[in-house]
Amino acid sequence: MLEDVDTRLGRRFAFFTQSMIVLSLISFSVETLPGLSESVRQLLRVTEVFLVGLFTVEYLLRIWVVDKKFRYIFSFFGVIDLLAVLPFYLSTGLDLRSIRIFRLLRLFRILKLLRYSKAINRFHRALIIAKEEMILFSCVAMMLLYLSAVGIYYFENAVQPEQFKSIFHSLWWSLATLTTVGYGDLYPITAGGQVFTFFILIIGLGVIAVPTGLVASALSQARDEESINNLK
Amino acid sequence: MLEDVDTRLGRRFAFFTQSMIVLSLISFSVETLPGLSESVRQLLRVTEVFLVGLFTVEYLLRIWVVDKKFRYIFSFFGVIDLLAVLPFYLSTGLDLRSIRIFRLLRLFRILKLLRYSKAINRFHRALIIAKEEMILFSCVAMMLLYLSAVGIYYFENAVQPEQFKSIFHSLWWSLATLTTVGYGDLYPITAGGQVFTFFILIIGLGVIAVPTGLVASALSQARDEESINNLK
Amino acid sequence: MLEDVDTRLGRRFAFFTQSMIVLSLISFSVETLPGLSESVRQLLRVTEVFLVGLFTVEYLLRIWVVDKKFRYIFSFFGVIDLLAVLPFYLSTGLDLRSIRIFRLLRLFRILKLLRYSKAINRFHRALIIAKEEMILFSCVAMMLLYLSAVGIYYFENAVQPEQFKSIFHSLWWSLATLTTVGYGDLYPITAGGQVFTFFILIIGLGVIAVPTGLVASALSQARDEESINNLK
Amino acid sequence: MLEDVDTRLGRRFAFFTQSMIVLSLISFSVETLPGLSESVRQLLRVTEVFLVGLFTVEYLLRIWVVDKKFRYIFSFFGVIDLLAVLPFYLSTGLDLRSIRIFRLLRLFRILKLLRYSKAINRFHRALIIAKEEMILFSCVAMMLLYLSAVGIYYFENAVQPEQFKSIFHSLWWSLATLTTVGYGDLYPITAGGQVFTFFILIIGLGVIAVPTGLVASALSQARDEESINNLK
């Protein structure tokens, strides 16, 4: 029943688990809000205990049901399922402040959402088709990020020593600029820096954006191959 | 005549209705300008009454003309046509302040513009072709948005507690960053947060931008299928 | 010689004209710099007179050379060539301040650069291939821009009356957001406005960005057709 | 051994060289950090001397090993290899302040990373396929950048003379806007300037973004040709 999504009960169970995962994510987010009243905190704690209990039962049931137990436990989803509940049990014996960093692990629960989708395979094949270009473009993009950081450092450091402190600070500018996010916390003000940005952007937009097009065309290629296989 | 866009009179009527819809949108927008003189307000009110009258007549004519009356009334455009005039009649009997929120409904008039386009069918087929990937990418994008919000919250909350107050506030940052809008109201200042942003953007740009390429390639596929069908 | 770019002299002449056009654009831009010395202004004025003289001679030569004179004069490039020099002669008899706005026309000179490119035809065919989708997406994009402006106006006007003054001011926000420019002069601060922005961006990114992919795929289709025609 | 990446020793050597290049880049970046202690500076200087020595030995070995020595020295990678070490020897005899600008050349070391990738050939072919359109779109993009700078200058100069000082300053705005970076240091505030920005963005997004799609489709075409050649 746990594994079979085709039966009515299995579908219902999967749907229920999904809702609980979403609920736990919401309760986790609400917890970070500042200025919560004590009653809300209480409610969140109860929800947390209930959900961890539920996920633990689900995890144990899955081990019990599955034939190849060790294979499940060390599979991707087995580890995710364990990590979804383990931090709760571990954190109880620890100092309250250090709990916070462990709670980050609780987020792996989201990855459970991945389990029920079939379209991932097609995406996987598309990545294999476009692998070489992806790696090449990633390398070129990294090099461009670094080179543009060095360039802007030399142009802007003298005029804005507080903003473009070092190449590491310039890298942050490179990232925000080449991805076209453009927060506006760092920007060149010298004529040289602005002309440099012009050339970097002309080259950089292509380099950063091409992989996107590659994945899209690889995906449609994977779709074509699939429909050809279906025809055979 | 109302339905037949192929006759000369029908085309003229459709063109006239379209102009009136645009006029009503402009007059609605002008109404929101602060500091309007009383004479302008008067003019806007007269325009509004005139347009609502016109749209009402058009709506009643359409019901009168159409054979299957109930089917029209409960069709998408029938409901839109009704919603384009109904708020005006309902709002007269209500308190003046609550009118404002009802006026928002008047905007559905724009959707009437959809009526006259044929190319929508092709777009509809393209969406069906790329449906699975769209859903998958949307889910992955949602997960990425959430994960990046949690990550940046842990990196930045300690240093900028006023900006990154909670995961909900961080989600706003995630949205502005992953869509590359980058308003600049929120941005990481810690080295950890900036390195995290780097990885999130490298992954995120692909995930958010790929669906665009998918729709484009699906649309050209739909165009191909259409021209093949035309050849037969 | 003027029309024939295949002879050596013709190529040289075309290259010389292009350089002069670029020179005139640079001198026009330099003129706008504040705080120029009198000698620089003098130099710019001399350059301007020289260039206008040159372009006038070129224009008259072209009329003299061409067989179908009227056809050239009223062709796209004939009008551009005339507009490149006419403002200079007209402005001399006018008040100095109004000259500035006429000088804007001088920029049409750049369009002369279009003359010498052949790849435009392919782009033209691509636009015809993708015409219907382009129009549909443009309409949907316009509607989305307007709807998002109205939405954000209702969410933000009460809290930020100075920023989101009217629907027209909100339209500026819509434009900066949906194109992902994100200047950061206007952004929603209410939770409602931010959730609204989320949905608008999810829909809007596709709508605004798809036409780009359409043109690209139409261009490669036009390239395919061309190579098939070459094979025949 | 130096040239043969297929042997075990060759692979190890290549891997070692790559690591050293990355190390030198990191040490170069760390050097720009303000407020380094003397001991760290000492360490960086030692690392630098060691790496330059290593790269020099590698360069001389390569000359010694290769058959056609002059061809290597004047090849792309020969020059890069030389430039990776030369500035160090030259800078020792120079004034300390001028060293900084020479150190920029040290960055060419990164380009050595290019040597080991094969996928570049495919990208090269894709560029040839899409060359004409790329040039056309680049020209149109340049024209659009200039025209939008002139337009915004006329709209905004009167109201924001400090921001939109000249056409050159406006060009910086054009760049940040048409690439959708949108730093937010410059933005139009007049209604005319904002409407102008609207039209510029509608046209500009297509013009700037299309080349990206072109490269992607040309790359998939190059991939197709490759697989057809492999089948023969």
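A, B, C and D label the chains in the order they appear, each numbered from 1.
Keep this in mind: a residue touches a chain if its C-beta (ideal position, glycine included) is under 8 Å from a C-beta of that chain, and two chains touch if they have at least 3 such contacts.
Just so you know, these numbers come straight off a predicted model, no measurement behind them.
Novice: Please identify which of A-C, A-B or B-D repeats the interface of A-D; the criterion is that more than half of the contact pairs agree.
Specialist: A-B
Novice: Averaged over CA atoms, how far is the centre of chain B from the centre of chain D? Could you give it in whole Å?
Specialist: 40
Novice: Roughly how far is chain C from chain D, going centre to centre by Cα mean, in whole Å?
Specialist: That gives a centre separation of 28 Å.
Novice: What parts of chain D, by residue number, touch at least two of the other chains?
Specialist: 168, 180-184, 209, 212-213, 216-217
Novice: Testing understanding: with touching defined as stated, what is the shape of the graph linking the protein chains, line, ring, star, complete or other?
Specialist: Graph shape here is complete: every pair of chains touches.
Novice: Of all residues in chain C, which touch chain D in the complex?
Specialist: 25, 28-29, 32-34, 100-101, 104, 107, 110-111, 113, 117-120, 122-123, 138, 168, 172, 175-176, 179-185, 208-209, 211-213, 215-217, 219-220, 223
Novice: Where on chain B is chain D touching in the complex?
Specialist: Those in contact with chain D are residues 180-184, 213, 216.
Novice: Under the stated contact criterion, what part of chain C meets chain B in this complex?
Specialist: 129, 132-133, 135-136, 139, 143, 146-147, 150, 153-154, 157, 161, 165-168, 177, 180-184, 187, 191, 194, 197-198, 201-202, 205-206, 209-210, 212-214, 216-218, 221
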